[in-house]
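There are two complexes below, and they share subunit A, which is joined by subunit B in the first and by subunit C in the second.
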Partner chain A sequence: MNAPLIWIGLPLLIAAILFFLRGRPNLVWIIAVLSNAFLALLAFSIPSGRPVNLGFMLLPVDDSFVILGRRFILGGGDRPFLGLIFAFGAFWFGGGKVARANRYFAPLGMAVMALLVAALAVEPFLYAALLVEMAVLVSIPLLSPPGQPVRPGVLRFLIFQTLAMPFILIAGWAAGAVETNPADERLLQQAVVLLALGFAFWLAVFPFYNWMPLLVSQTNPFVASFIVLVLNTLVFLLALDFLNAFAWLREFELLYPALRLVGTIMVVTGGVWAVFQQDLARVLAYSIIVENGFSLLALSLDSRTGFEIFVSLFLARLISVALFSLSLTVLSEKATPDLRGLQGIMQRMPLASVALLMGLFGIAGLPLFAVFPMRLFLLENLAQISIAYVVWPSIGMVCLIAFGLRLLASFVRSDEKLWKFEESWIQSFFLTGGILLVLVIGTFPRWFLPGIQKLLEGFSQLK
Partner chain B sequence: MIFQRLSFIAAIILVVCSLFLLVSRNWRQSILALATLYIGVFWLTALVWPVGLAIVKLVVGWMAGAVLGASTQYGSFLVQQPELRSVQMFRLTAGGVVVVLVFALEPTVAEWIEIDRVVLWGAMILIGMGFLQLGIMTNPFNLFIGLLTLLAGFETIYAVLESSVLVAGLLAVVNLGLALTGAYLISLQHGEGTP
Partner chain C sequence: MLVLLPVFLLILTLIALLALIRFKQATGLVWLISVTAAILTWVVILVQQFIQPAPFSLTDWYLGEGATTSLIFRLDQNSWPYAFGLVSLILAVMMTDASRFEFQADLEGWVGSLVVTIGGLLAVLAETPLALILAWTIIDVFEMIIVLRTVERQEQKQQAVIAFSARLAGILMVVWAVLESRGRGQGLTLASFPPEVGIFLLIAAGLRLGVVPLHLPYTEEPRLRRGLGTAIRLVGPASSLVLLSRLPPTVAPPVLAPYFLIFTSLAAVYGSVRWLAEKDELVARPYWIIALAGLAIGSAVRGRPIAALAWGTALLFAGGAIFLFSARNRLLRVFFILCWIGLSGLPFTPAASGWQGLVVMPFNLLDIVNILAHSLLLLGFLRHVLSPGSASGEMEGWAKVVYGLGLGVFIVSYWLVGVFGWQGSVTPGNWWASTISVVLCLVGGIGVWLLNQRSRRTMETDEGWFAMFVRKVSAIIGQVLNLNWLYLLAVFFFRILQRLVNFVTLILEGEGGILWALVLLVLIISFLLSEGAP
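On to the complex of A and B.
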């Protein structure tokens, strides 16, 4: 037995089984949730490099798997990520039923997750670009399911993600050349630029983010945000992998100021565009852009603290965006998901309305919500570099909060006297669970952060 | 050896086919041009790879074209309305600008990547035309033709840098995957998908 077979082979096998069972949605839903929860549990419980005690025998679990001369390695440092991503998968596939995602959601979603884990595990890393591209291609039927017209957002998503692949592959070649000839300053700059462009396309970094609002507003927001989040989380980890692997990249002096500048622009523009929107799906997309901007700002600190904040943001981001997109999809069933359409919705669907506001305020970084502790710590550290890096990102946050207040005003504006609960029991279950998680993570961050920060164990070179 | 001496013909094939793909509104002619374009790609790749391996590019390109063609054959959406000659002239002019730009930029790129000038020139033409297609076209068929053109250009350069059989195989899978995704989206555009 080996780790890549458990967390790559098994999900692919389950995805294939679910694909053939897609005519039985309840069974698919149950299998998807349980299998993801099981894989997450395994990730947290199977020790790296030691055999697993099954009671009647010791089962050795190897960290690597060799195929066609290439190695897939999932070591101890990868386990927290695997646990996080599959736990996230369990929540997301569970929510898929609530969000009325199409019947390909669980099978293809699991295949996407398996391919992205494979991208993280593969060595040499240049194969990661090809695996990510395959994951993107598999995700297209999720975003544009049969029976629905092709939306420009889906095409733009595909184009931008595909453009990343050539840049990353050539950057891989350039990186190899820099390793053999580190004194060549020009080659070094070219390698960094190629790498930066590749990651910019993948992560929808400014100015390549215009596909994100289109994609989320033109497709099922719950499905779109699942694809975007799982892709972004993996690509951010690949970025850490690159920083860990290449000393010349870590020591490139323009890298961190550039990350700070781009991160700040993303937070400010994301927040400012969000405040003028009417369509909540577009606000969700801009919130993800703001979150990505903050992740880049955390990376730009170039310190252990910065990397800890960077990985800590993963958990809070996943849960806040999940709650936002789930509640948005639930509200969309009863009303048009814009400020006018959702006027007075609080009295008809209080739980979904509160969940949406909590998701939005959570991403905005309001105190007591999941992102707040990490955001505060990040801004404190940025203040030591320049106060401008506190002021500008704060503008983005304030804009998101301002939109939240606008939304709250719209939600409560109603002439009706009676309160109703139009959410179904299963919707209420998932929404309540999400609300509690956001509150618990925000109120007691120390319960969760040490576990998530173990992600950094796999990146020994990051100081 | 003969491939090497006559490599300029491959570059000319690439220019003509990619310009034709820009202006064509007939899917049959576009697929034919794409197939011819891959002959040029194969030719340039054969300058740096063994012919047996380089032919993979040709086969995959033709398969991708066939998949796109198969999904398009029932639809006449590409000729929904006759296009103004001025639109075609604009595209041709834009394509001409790309050719001129490639001529201007090629010496700079050649300083960085040391490869045969004709190979680099042909590859850059494909990348430029691919970007142009992606920038000015809106329907899925043309967008996927643009993506395949762009990737063909990139693969021609990458063949010089990386000769791994596995990478070639995976790139072939990506190309076919793109064609299948294109076929799927084109069939949705026709309203053939069932919920």
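On to the complex of A and C.
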């Protein structure tokens, strides 16, 4: 037995089985949730480098798997991430039923996750670009199910993600050349620029993010945000991997100021653009952009603290965005998901309305909600460098909060006297779970952060 | 942990209350248990003033180490008067609700009052900015939920959202103060904030008083009139004003201090005039808060946090008492004279130490304005106490006793705070200033009464000329302060910016969007290479 087979091979196998069972949505739903929960549990419980005691025998679990001369390695440092991503998968596939995602969601979603885990595990890293591209291609039928017209947002998503691949591949070649000839400044600059461009396309970094609002508003927002989030999380970890692996990259003078500049632009433009929107799906996209901007700002700190904040944001972001997109999809069943269509909805669907507000305010960084502790700590650290670095991101945050208040005002615009609960029991279950998670993480972050910070164990070179 | 005992007791009460309501127990039993628990909490917090429990610290609340990441709750001379005031208020709310049983037993209102009081207690005990931010958020979120569940008209709901937004802005001000402070390498606790960030904290306290928007009187919904309405109206200011007494003496930069003082004095006069002129104490509730908050913030700006504490507690106790005073009789009015004396700031009364923040040598025009504002406040208090209200004779005997006891205990609590509240609370204060204020109040009161009598005879109108004059002038000032003009201006600019954003979006998401993205990329790269990065 080895780890890549468990967390890459098994999900791919399950994805294939689910694909053939797609005509039986309830069964697919149950298998997807349980298998993801099981894989998450395994990630948290199987020790690295030691055999697993099954009671009647000791089962050795190898960390690596070799196929066609390429190695896939999932060591002890990857386990927290695997636990997180599959737990996230369980929640997301569970929510898929609530969000009435198309029947390909669970099978192809699991395949996407498996491919992205493979991208993180593969060596040499060049192949990560190919695996990410495969994941992107597999995700297209999810975003544009057969029989439906292909929307511009999906096309642009495909274009930008595909553009990343050549840059990463060439960057890989350049990186190899830099390793052998570290004194060549020109080569070094080329490698960094190519790598930065590749990651910028992948992560929808400014100015390459305009596909995101298009994509989320033209497809099922729950499915689209799943794809975007899982892709972003994996690519962010790949970026950490690169920083960890290449000293020349870590020590490149312009890298951190550039991250700070781009992160700031993303937060400001995402926030400012969000406040003027009417369509909530677009706001969801802009809030993801804001969150990505803050992740870049965390990286720009170039310190252990910065990396800790960076990985801590993963959990909070996943939960907040999941809650936002799930509640948005639930509300979309009853009304047009824009400010006008949702007027007075709180009287009819209080749980979904509150969940959506909590998701949005959570991403905006309001106190008591999941992102706040990390956000405050990030801003404090930026303020210690210079208060000027805090001004612009704060404007972005305030804009996102301002949109939340506009939304709240719209939600309560009603003269109705009675309160109704039009959410189904299963919707209520998932929404309540999400609300509680957002609150608990926001109120007691110490319960969760040490676990999530173990993600950094795999990156020993990051100071 | 002992310091949080009152909070835990109230949480237990809340749980018990919810359980009893869930299992449909008799209202009387629910009320009895709630009042018993509130009395127990009141006794506990009274005893705590003498045993001074150790602070509760939850270190390393999130990443990193040090006091900024800690939640510290401390009961000291700054927090105890407010904490005691909040617990006394919830006790008074529950006891005086006995008088309203015949109309409606407001179980949900008690739950709401308890929740905001718990949040308020956490806020007044908070010693670190982080603890304060979290506690304030709890109060605001629950208050908004309660109001939204209670009011019915669309406009009222919109007002509740605006009020929530104003308070949220206050919280963000504190967050900004934390960041500024951290940028200067300071600000581990509220007391260690540098003066440069004091302005943000003063604005935060002002925004959170619950007076924006101005016209949110909660006088139409029965539940929000007395018990619950009083609780949510006063917990906010109490939890905000406590900040003033926690701050260092130099809270505003010297350059800005005079402007702040002018603003607070004018606010105090405006508030006290409206307080005096409004039809009844419930309609005038926001103006009571404006007037006393003006005095408290002004005292803090002058570097007298103890004086700010005195006016803050006056706001809570004297205000709470009169807002709960629904059924009236002669005996109870005598009790309120005791409260009025406490508010007067005459030597050795609870508000006496407050005068040190209102009148400071060398004597100047603002001191006169402050004296005037205070004397109008006193006059208004007298006027509202003496106004008819509803008669207490219709109540059952036991309810009458409990109601009277509730108000009595609350007023006695005010005097207890005045005696034991903080070091130097028993003081002659500024005896001549307080005497002038009281004399002005009495003379003015008699004068206004006489003029009103004459006016009634000659103009055959129910309204006195003074009230009419004040109402007209106030209407003009109110138009400015209700911020509608600001709202319209904001909407105007919002529309312009929205068009601009939509135009840029159209370009970036149009057919040429990818090329535009590349152009932007080139711009960034050239910026990075030529100018350097931030």
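Operating definition for what follows: the second predicted complex is superposed on the first by the 463 of 463 C-alpha atoms of A that agree within 3 Å, B and C clash if a C-alpha of one lies under 4 Å from a C-alpha of the other, contacts with A are read in each partner's own complex, and residues count from 1 in each chain.
By our rule, a contact is a pair of C-beta atoms (placed from the backbone, for glycine too) under 8 Å apart; a residue touches a chain by one contact, two chains touch by 3 or more.
In this text, all values refer to a predicted model and were calculated from it rather than measured experimentally.
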When the two structures are overlaid on chain A, which partner does A:R446 contact: first (subunit B), second (subunit C), both, or neither? second
Tell me which partner A:P149 touches in the superposition: subunit B (first), subunit C (second), both or neither. first
Which partner does A:P141 reach: the first (subunit B), the second (subunit C), both, or neither? first
Once the structures are superposed on A, label A:P373 by its partner contacts, choosing first (subunit B), second (subunit C), both or neither. second
Of subunit B and subunit C, the chain that contacts the larger number of subunit A residues: C
Is A:I159 touching the first partner subunit B, the second partner subunit C, both, or neither of them? both
Which partner chains sit in contact with A:G69 here, subunit B, subunit C, both or neither? Use first/second/both/neither. first
Once chain A of both complexes is superposed, is A:W273 in touch with subunit B (first), subunit C (second), both, or neither? second
Pick one for A:L126: touches subunit B only (first), subunit C only (second), both, or neither. first
With the two structures laid over each other on chain A, which partner does A:P393 touch: subunit B (first), subunit C (second), both, or neither? neither
On subunit A, the residue positions that both subunit B and subunit C contact, one per complex: 152, 159
Per the touch rule, the subunit A residues reaching subunit C in their complex are 152, 156, 159-160, 193, 197, 200, 206-208, 210, 213-214, 254, 257-258, 260-262, 264-265, 272-273, 276, 305, 308-309, 312, 346, 366-368, 373-374, 376-377, 379-380, 383-384, 386-390, 394, 398, 401, 405, 408-409, 412-415, 417, 419, 443, 445-446, 449
Which of the residues in subunit C end up touching subunit A in this complex? 60-64, 68-69, 130, 133-134, 136-138, 141, 148-149, 152-154, 157-158, 160-161, 164-165, 168, 171-172, 175-176, 178-180, 182-183, 185, 494, 497-498, 501-502, 505, 508-509, 513-514, 516-518, 520-521, 524-525, 527-528, 532-534
Residue set of subunit A touching subunit B in the complex reads 68-70, 126-127, 130, 133-134, 137, 140-141, 144-150, 152, 154-155, 158-159, 162-163, 165-166, 169-170, 173, 186-187, 190
Residues on subunit B engaged by subunit A in the complex (per definition of touch): 112, 134, 138, 140, 143, 147, 150-151, 154, 157-158, 161-162, 166-167, 170-171, 173-174, 177-178, 180-181, 184-185, 188-189, 191, 193-195
